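Shared chain: subunit A. Partners: subunit B in the first complex, subunit C in the second.
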Partner chain A sequence: MTGSDAPLIEVEGLEAWYGKRRILSGVDFRVEPGEIRVIMGGSGSGKSTLLRHILGLHRPSRGSIRVFGTDITRASARELQAVRKRLGVSFQGGALLTSLSVGDNVALPLREHHAELDENQIRIMSRMKLEVVNLGGFHDLMPSQLSGGMVKRAALARAIVMDPRLLFFDEPSAGLDPVVSAELDELILRLRDALRMTIVVVTHELESAFKIADTITILDQGQVLMTDTVDAVRRSDNERIQDLLNRRPREVVVDADAYLRRLTEEDA
Partner chain B sequence: MNDVVTEQAGALTVVKLSGEVDLSWSARVRETILEALERYSVAVDLAAVSYIDSSGIAALVEGLQNARDSERRFLLVAVSPAVRAVLELARLDRVFTLVPDLAGAAAEAG
Partner chain C sequence: MAVAQALAALGRGTLQSLAGVGYAGMLLLESLWFAVAGWRGGQPVRPAAIVAEMRRIGVDALPIVSLLALTIGIMLGIQFIAAMKEFGAQSQVVIAVAKSVTREFGALITAILVAGRSGSALAARIGSMTVSQEVDALAVIGIEPVRYLVAPALIAMLLMLPVLTVFADAVAILGAALYSAPQLGVTVQAYLLQTMSLLSPGDLWQGIGKSAVFAVLITLIGCSTGFSVSGGAEGVGRATTRAVVLSICYIIIADMIFSFFLNR
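Let's look at the complex of A and B:
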């Protein structure tokens, strides 16, 4: 176990490959308790890959990943389970089980990990989280009866049902109307303040990132361009960062030889 | 520092909580509250609570539910900012009766 002030996430020198393609290289990433960290970057910058490594879904080619002080690249299945019990994950797409009611979906982690709780407690705890995401009274519905935004909020209710110390949120506002998306931003701030969660958010939405982040990590082509406060990121004179902030298309550098090889060689 | 103690104040049992109320011991909080409600109205003193998780809040909700069924009063006293933040998150501050101090609780419980 680590002390309460130790970083909750410590990634050092992370390198990841998908086949022949290097997705991450030399990534250092550290998140302190109580922080709201936003990871930004264009499509293919490695955001999701970094997240998947921190969650222990992929093993890195090189580097170390500590979560709650446990090196998850070397952890046993049991240690990994102990880490995961203290994590909440709300992924893009929601991933509710279609055969269970919304209430049962939200209650699932409690039933799975806390056999000591009785049904009355489980009911109260899970319905309370539906209230928190503004889905009070929706527990009896099936996921297919919800709108996209509601599914997303129900998935968030499930992610926070065990009061995780560390919450991961992948693209919270993608596909949501502006009001719901602003409500979610507000909720993220309140979850940190009231339930003392440390929260890592992956997002494309600049407005949302600037509103909720304490610190921002900017990934570009598999490398960390910058990790700093919102103000420092805004003021950065790095061209790639300004491109990202100002939504400027990037200049694609064409290496004629490499291009030709990609088009023609059998094992390229 | 995590503790639950009960004191009798006339027709009211005061359940005093302190420390961080979480899943590791909220079952004890729940039992204490439900047991006290078998005989008296209950005031839960939350002044010394620095953190409460959903299982702790659920114990309070069960207390309220139980008190309503048995027509007793269930009051939250001297709610600390940490507890208030969690109650407000789920809008439960509008469901519980919150009183500032024990004198207020005694008056409220009549």
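Let's look at the complex of A and C:
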């Protein structure tokens, strides 16, 4: 099922709703082993929602999501757990546990899933990962003592401490200055080359997307506009994609009926 | 139209509170399940986490519980002596204080205090973790948030609240003795000895049993309001307030119900 050529992620016909609002409709999405896939789209395009569904944090209204060949929409708690042990996630704000030091944060997955390791092994393994992200020697600090870029790198260290095959990165450059975000891009490329991870990055930063991506999926208003290589995306003649690439403001087409309905209906 | 709207609002409110009760019940069952069988599925409730919670909930609360219990004890002594004097029955103060403290006030005061200290802390901690995606991070690391955050708190609360209650009983009775003994013309020691001879284990058990129920209420309300936080820092603040107010309401209502059935 998880042979070297089978896709690591296979999403088919995914549909997601928040209350009455449809966030994703008919999304198909595949990620092959070894690639860096960037999911791009403007705010509200549904890219974070797609990521949360792939991580099993939301149940979809319709469609299937297979990660490592396991359909996580139907998986038992134990199967989902097995899938999650093989992937790493770096959240947008880092999501380091504020009550633990940086070192303990990085060591947390090891402590929870590898009871057979002793403290020395855990310490060495987690410090090695901190070295990978250039945070060697910072293990005793608390997350609140780190800068924004350091928090993201520490979160990355925690995400890769179990050597996952699949790494997710939510908005690596959000809120960082250009130099730090360029460093993070380099780090992502290095991880793929050195540790041969498959990496899925969610971002709205064009520059960083073009720099790190092998393939790009562009989401717009809950639908996949295209999935292709960086060059193909650049050459695309789709108007919405060119709007996104050239930072042109959207032309909002007003639907008169819907507009009136929104203004007048009580529970629209 | 107005009636329909009111009915709809009532229906929504009812559904929401039912959903809240259901969610809290699920948290309770899951926590207990993790505590009993979690280690088999790789989700053990760590003793170290329970001990840390016990310290936060129990040991750290000792000074303030002592202070309040002592004050309540003295207050009860003053009130009972004043009231009993009218019938010339001051000597009955001993039994009145002993029974009311062990059956009622010890458990109630401790629970309200712990709801304010630890119930709010649980809501704030879990709420801010929800907002900053730490709860999501735990889940994708493969750590069930309920097992990691709720179960240790629940077990610690179930252990420490009864202990704190018994402690508060003792301190409150001591407080009453300090005021009443001179008024009754006996020594504090004699007062305490008489209290011991008047109390039956059933009196203590009533308070202890209640405190276990209060422990469950405080933890579940604190945790479930924490998990349902949305809307950033303001949401965390609202959840904290809500957790305290709800806990205290439920504690007092549960106390009334228990008193009714246990003392008929």
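In the analysis below, the second predicted complex is superposed on the first by the 267 of 268 C-alpha atoms of A that agree within 3 Å, B and C clash if a C-alpha of one lies under 4 Å from a C-alpha of the other, contacts with A are read in each partner's own complex, and residues count from 1 in each chain.
Note that in this section a residue touches a chain if its C-beta (ideal position, glycine included) is under 8 Å from a C-beta of that chain, and two chains touch if they have at least 3 such contacts.
These figures come from a predicted structure and were not determined experimentally.
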item: Superposed partners subunit B and subunit C on subunit A - clash or fit; value: fit
item: Vertex subunit A, arms to subunit B and subunit C (CA centres, degrees, nearest 10); value: 100
item: A:42 touches, of subunit B and subunit C: first, second, both or neither?; value: neither
item: Partner chain in contact with A:57 - subunit B first, subunit C second, else both or neither; value: second
item: Which superposed partner A:116 touches (first subunit B, second subunit C, both, neither); value: first
item: Subunit B or subunit C, by number of subunit A residues touched; value: C
item: Which superposed partner A:108 touches (first subunit B, second subunit C, both, neither); value: second
item: Which of subunit B and subunit C A:164 touches, first, second, both or neither; value: neither
item: First (subunit B), second (subunit C), both or neither touched by A:78; value: second
item: Subunit B versus subunit C as contact partner of A:91, first or second or both or neither; value: second
item: Superposed arrangement (fit on chain A Cα atoms) - minimum subunit B/subunit C Cα distance in Å; value: 17
item: Residues of subunit A contacting subunit B in one complex and subunit C in the other; value: none
item: Contacting residues of subunit C [partner subunit A, same complex]; value: 41-42, 125, 128-129, 132-134, 136-144
item: Subunit A - residues contacting subunit B, complex; value: 114, 116-117, 120-121, 124-125, 128-129, 131-132, 161, 163, 190-191, 193-196
item: Complex interface listing, subunit B residues touching subunit A; value: 22-23, 27, 30, 51, 53-55, 57-59, 61-62, 85-86, 88-92
item: In the complex with subunit C, residue positions of subunit A that touch it; value: 52, 55-57, 77-78, 81, 84-85, 87, 89, 91-93, 95-99, 108-109, 112-113, 158
